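Look for chain A in each of the two complexes below; its partner is chain B in the first and chain C in the second.
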Partner chain A sequence: MQQYLIAIALITVGGILAPVIRKHRDVSNIVGAGSAIIGALLALLPVLKVLFSGADFPVLLLSLPLGEASLKLDAVSAFFALPVLVLLPVTALFSGAVSRQEKYGADGYWFFFNTLGAAMLLLLIAANGVVFLVAWEIMSVAAFFLITHRDEIATARSAGWKFLIASHIGTAALMLLFALLAASSGSLEFSQFAVAHFTTGMGSLAFFLALFGFGVKVGLLPLHVWMPDSYTYADAPVSALLSGAMSKMGFYGLLRVLMLLPAPAASWGWVLVIGGLLTGIFAMITALAQSDLKKVISYSSMENAGIILMAIGCSALAMSWKQPLIAGIAMVGALLHVLNHSVCKGLLFLGSGAVSWGLGTRKLELMGGLAKKMPFTAVCFAIASAAISGLPPFNNFVSEFIIFIAGLQTATIEDPAALLLAAIVLAGLALIGGLAVATFARTFGLVFLGASRHDKKQEINEITPLVRAPFIILMLLVGVLTVASPWLLKPIHAVALLIMKDHAGISATASPVEFLQQPIIMVVQFSLALLVLVIAGWQIRQRFFSEGDRSDRMTWDCGYAEPDARIQYTSSSFSQTIVDLFSAIIRPYKHGEKVSGLFPQHASFRTDAPDSFLRYLFIPLFGLVDRGLRPFRALQHGRLHLYICYVAITLLVLLIWKVVVL
Partner chain B sequence: MNSIAALLAITCLFLLGSSRLLVSIRMVAFQGVLLGIMPLLAAGSHHLGMGAFALCLTNIGLKSILLPWLLRTALFTSGTRREIEPFIGFGASIMSGVVLLAISGYIVKRLETTAQLSSSITLIAGFFMVFTGLFLLITRRKALTQTLGFLVLENGVFTTGLSLGSEFSVYVELGILLDVFVGIFLMGIMLFHIDKEFDHLDVDRFNELSDLTIDVSETEEVSE
Partner chain C sequence: MISPLSIIFWLLMMLMAPVLPGVINKTKAFFAGRQGPPVFQLYYDISKLLRKTSVYSETSTVVTRLAPLAILFSTLAAALLVPIAFRSAGLSFAGDIILLAYLLGIGRFFMVLAALDRGSAFEGMGAAREVLYSALAEPALFCGLLVLINETSQISLSGIYEKLTTEFWLENPATLLLIATSWMIILLVENARIPIDDPNTHLELTMIHEVMILDYSSKDLALIEFASAVKLAVFSSLLVGLVFSCQGMSVLVQLAVFVAGMLLVSIIIGAIESSIARMKLLHIPKFIVGSGALAIIALILKLSGN
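Showing the complex of A and B:
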């Protein structure tokens, strides 16, 4: 525990020192990135100890001026610390490595970067409502400054504001939640919440407040509007950290509150499942219509959040039906997916950073053929894309497989509601998975395959070896998470047990670990066999059939007389059929003129698909609020005298009121 | 004690009615001297400790020597001599002052039933000074008069604190004094700079710099 706290302090101090010595750019970068990396490694030890050996650290009691607060590192905190401790050093390494050429390291970057990391680590061990909220706010504000780090770009500023507004609305719900819990338990300590007795209505109210407050960070359907923009306009390492680690804090909060509340009601589970399903489907069909590389990846974050929410909902439903086995399986699947997603998403965002950095744009229409110029990035991106779409032989397949098993198991319960749940989970996951494959096939194809659409004279360089290090680390983690997954089940199940301890009478006897281990070992074996086959095939081709290799030529060169980059599928034409299918939801803009006549002179076509919820829900809503509040602007006229007058009048009225009433 | 409180109230009325800034500054300096004497009297003869002396000396040093000197310097560099066209005229100001005095008397009279007081007249003077300070802040145009208003407001807080006196008050008062000193010091510097930038010290025209006139419209998604 001390080590964990020292790590937090180290990261914070590094963040403060780095801007102080910013005159010496290199030193400042080393201090900023180094403290984040060393701090994360330092914190990793106690976290792993808790996870694997079940070590129990004592609860630390802080005496603050206004009462006491306790800090506690239990298995759930330790588990959710993993994404932070993986992505913080990796993204720090990436930002440090490219900071020479880019603005990443400049100004207050390291301060906010390290503050964000430290706040997340503090959040995880907070066992008191106030400490939790304070850490939550520091995290949100640091994230805001990181998103708006490129404040010279108007869209980045606007994305930052969206994030700030959304996250504050969420925090308002959380404050209400903790006030509610504190009011009914008489304390702000989590340990007191857990033993307090809530009525069913109160529990439901608390749960829905938590879902709203944490749903903002996670990207639950109507609350996601900040997400694509913020991830897109932030720097690549920042988006990786936000999507891979910060949004996971939302899940942590949700599960923590589930732990504190009484056994979940069926309605909570249904809301989670349906919400997750809609989130996943909406995210993927919107992703298909995007023409910005990072926006596609951002929507994919939302999709994975949907899958995780579905799994948590499935688990909650099973808990309310007293089905400990299914609840355990679904929860293990959700937790494993959290870990898998954060690793893959980190890889994808860093890859998108390398691409847009090499090319100078994020527009999918201007990319293509990059595999020849950036082979390393292409391999990373391909692996991450396949993994995130849930294709075997990668880690996300394993976790989605577990969630599938949970869905199949629910079908064995003889209850129409359970059958409905099974149908939703299975069909929903399949649909989301299919759309994800389409999305990432499109993204990878447009960016790396085909002929290049960008300016021929532009020189594109592969990333330098130092910058490759974070990619290699993350790829290794993808491998570890895949191969070691059967043996990771045990510690993860311990975490799941802790979450569901008080509910549904779950004990180790109904453990899903043995139940799952066998099929997953099989999955891993098949995955490895597949991998070996692919590598063998590639090697055979390299060794024996490389004479006819014409990969130096332009793509399509053998099929057409004068091939041109413009004959390829574009970002909008590739996904046109699916987008048209869902156009009622996506409502893409289409600009351009039709081709007509025998010898058409010129024609152009452009599609654009800003977020439907932003366009049809939030902009009108906030417009309405704005109009409603406009009369009050007259009160803020900028005249100092009248402001003081307000103060004086308030003072007088209060005084006289007090005097007269008493 | 009571006579000092009465003198304080009279200086306040004088401040409300005077248009010459230099005289106003002198009046505030005089208030400072009066305030300096007060803790000595309030402490009584039985425990006239170091604290009361420290409070007395710092009060007189700050409020009747240092701050008036600072304000005078600001006054001479800025070249304004008189408060012209306040929002409420000088005669009316004095009348409102009398009304405020009555209100504070009423409030203190009602308060007596709930709180333990050492001297009710001092408390009335304290309240009255707070109100006068606020009144000056609201109705005067020149930034310098506003600073004076702030100072009077603080003097009022000081007097109120003394009349409700307790053992702690010395340290609290010293802390407040430090605050005021820093505040006025900053205001003096600001006045100097504002005068250079705006060519005037009229507070009601400061909002030329306000950004409220620019309509903050929601920025739509525009690609870079």
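Showing the complex of A and C:
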């Protein structure tokens, strides 16, 4: 536990030191990145100890001016520390490695980067409402400064503001939540919340406040509107850290509150399941219509949040139906998916950074054929794309498979409600998964394959060996999370049990771990064997069966004499079928002139799909609020003597109130 | 773990798979009053293709060369998970159908990547359609599965199929009919048959599956053709296992019924292809969602029956 606190201190101090010595840019970078890396490794030890050997650290009492606050590192905190402790050092390494060209050392980058990391680590061990909210707020503000790090770019500024407004609306709900919890228990300590008595209405109110507050961070529909913009316009390592680690804090908060509240009601589960389903489907169909590489990846974060919410909801419903096996399986699936998604998303965002730096653009319409120029990035991106689409043998498939099993097992219950849940989980996951395959096959294909659409003379550089290190680490983690998944079930189930307590009862027949172990081993072995076979087949084919093959011909294009890059399928044309099908939801903008006449000269077509909820819900809503509050602007005029007059009037009113009323 | 008999059956099904497209074509020829190509035509085609050398586009990368292997192996692996000849599948465990669906997903992923790899004007079109239709077909497949799981309380394919006895279907004929129809539609979608796609068309603009493999030649094309035949066999065997049942009979009888069932499915596909036209592309999503709706109706029937 001390080690964990020392790590937080080290990361913070490194963050303060780095800008102080910014004159020596290299030293400043080494201090900033080095402290984040060493701090994370230092904190990893106690975290792994708690997770794998079940070590129990004592509660630490913190003396604050207004009473005491406790810090505690339990298995749930430790589990959610993993994404932070993986992505913080990896993105620090990446930022450090590219710092020369990106000039990170020159300003407050490292200060806010390290502060964000330290705040997340503090948030995880907070066992007191005030400490939790303070850490939450530091985290959000640090994230705001990281998003707007390139404040010369207007889109980054506006994305940052969206983030700041959204996260503060969320925080407002969280303040209400903790006020409510404190009012019911008479204390701000989590340990007191857990034993307090809640009426059903109070419990539900607390849950929905938490869902709103934390839903903003995870990207629950329609509170996701800040997410695609912030992840897109922030720098690649920042996007990786925000999506891979910070948004996971939302899940942590939600599950922590579930732990503190009494057994979940069925309505909570339904809201989570339906919310998750809509989030996932909306995110994927919108992702398919995007023409910006990082927007696609950002919407996929939202999609995975939907999957995780669905799994948590499935678990909550199973708890309310007293189905311990299903509740356990779904919760294990949700937790494992949190971890898997972090790693893959880190890889994807860093890959998008490599691509956009190499090419100088993020527009899918200008990419293509990069696999030949950036083979290393292409391999990383291919693996990450297959993994994030949930294809075997990669790690995301394992966690999606577990959630599917929860759905299949739910279908065996003889109850219409259970069948409805099973139908939503199975069909919903299958649809989201199918659309994810479409999205990432499209993305990888448009970026790395085909003929290049960019300027032929442009020089494109593959990333340097030092920058490859973070990619290699993340790819190794994808492998480890796949191969080791059968052994991860037990520690993760321990975390799940801590979250679920005995709300569902204890399974009499089989524990989720026993139930899942055999299928997971089968799935992993089988799909790895398939991978080995394909590689072996590939070797044999290249060695013995490639004689006489020639690869100097043109692509068949219906007899065109000189096909060039411009006649190939583009990002807009690829998504057109799907965009048309769902145009009622994504409401795409279509640009271009129609083909007309017998010998048409010129025609073009392009679609773009800004977020529907931003356009049709939030912009009108905030416009309304703005108009409603406009009269009050008269009070804000900047004249000091009138402000003093306000103070005097207020005092006078209070005085009169005191005399007359009390 | 894997019984020798199931491996033999699996091999038999792999060997038999190229007959199915032959039977379909024969049936279509019969309806058209032609003699048609021989039933074993695909074997001839494959052996001919295997002896040729490949030509690749200069735009293509390693993806084009790797994809046929990945497609074939993932389809063969998927075939190991389906119950063949009313026996337990080679590999059977809780949730195996999920792995089956996702193994076919790997094949699709590579097919789409390979289509985009050549930078063609047409192959991308096929790829865009393929991903959409299969994304819609998968939920429909799982809707049918949901009913079967609920009926049998089993969550592995072999476990489910073991409980689908004749008595069971005599009690629930409507459920059988609805799910069988639903899965038949999914078979047509997943295997690019009429009314979704026309395997015989020669206009690139209207094709889905065929357009994605336009640039393939020789061994690569042979592998893909074989993989497509195996995929058809996988879906047919799911359908045969659903409709027929010969639990407790001798192995030979089971095998005979299974083979007859597979051929029957091919004949039905041929009859469908001969009697209806290809659908307008815009109507296909409705058609696929409709197949899922059939399964949902089966579910509602079941719930109202209790």
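Things worth noting here:
The rule is short, and it goes like this: the second predicted complex is superposed on the first by the 623 of 662 C-alpha atoms of A that agree within 3 Å, B and C clash if a C-alpha of one lies under 4 Å from a C-alpha of the other, contacts with A are read in each partner's own complex, and residues count from 1 in each chain.
FYI, a contact is a pair of C-beta atoms (placed from the backbone, for glycine too) under 8 Å apart; a residue touches a chain by one contact, two chains touch by 3 or more.
Being a predicted model, the structure only gives us computed values, none of them experimental.
Judged by the touch definition given at the top, the superposed model places A:656 against chain B, while chain C stays out of reach. In the superposed model, A:619 makes contact with chain B only, not with chain C.
Considering which of chain B and chain C touches more of chain A, the answer is C. By the touch criterion stated above, A:641 is placed in contact with chain B alone, chain C being left untouched.
Look at A:108: by the touch rule set out above, it reaches neither chain B nor chain C.
When the shared chain is aligned, no partner comes close enough to touch A:222: not chain B, not chain C. Contact with chain C, but none with chain B, is seen for A:450 once the two complexes are overlaid on the shared chain. With both structures placed on the common chain, the touch criterion links A:155 to chain B but leaves chain C unconnected.
Look at A:19: by the touch rule set out above, it reaches neither chain B nor chain C.
Residues of chain B touching chain A in their complex: 87, 103, 106-107, 110-111, 114, 131, 134-135, 137-139, 146, 203-204, 206-207, 210, 212, 218-219, 221-224. Across the complex, chain C is touched by residues 368-369, 371-372, 386, 389-392, 397, 401, 404-405, 408-409, 411-412, 414, 416, 419, 422-423, 426-428, 430-431, 433-435, 437-438, 441-442, 444-446, 449-451, 515, 518-519, 522-523, 526-527, 530, 533-534, 537-538, 541-542, 545-558, 563, 565, 567-569, 573-578, 580-581 of chain A. Note for the complex: chain C touches chain A at residues 53-63, 65-66, 69-70, 73-74, 77, 91, 93-96, 98-99, 101-103, 105-106, 108-109, 112-113, 115-125, 127-129, 131-132, 134-143, 145-146, 149-150, 153-155, 204, 214-215, 219, 281-282, 285, 292, 296, 299, 303, 306.
Taken together, the chain A residues at the contact with chain B in this complex read 153-155, 157-158, 229, 292, 363, 610, 619, 622-623, 633, 636-642, 644-645, 647-648, 651-652, 655-656, 659-660, 662.
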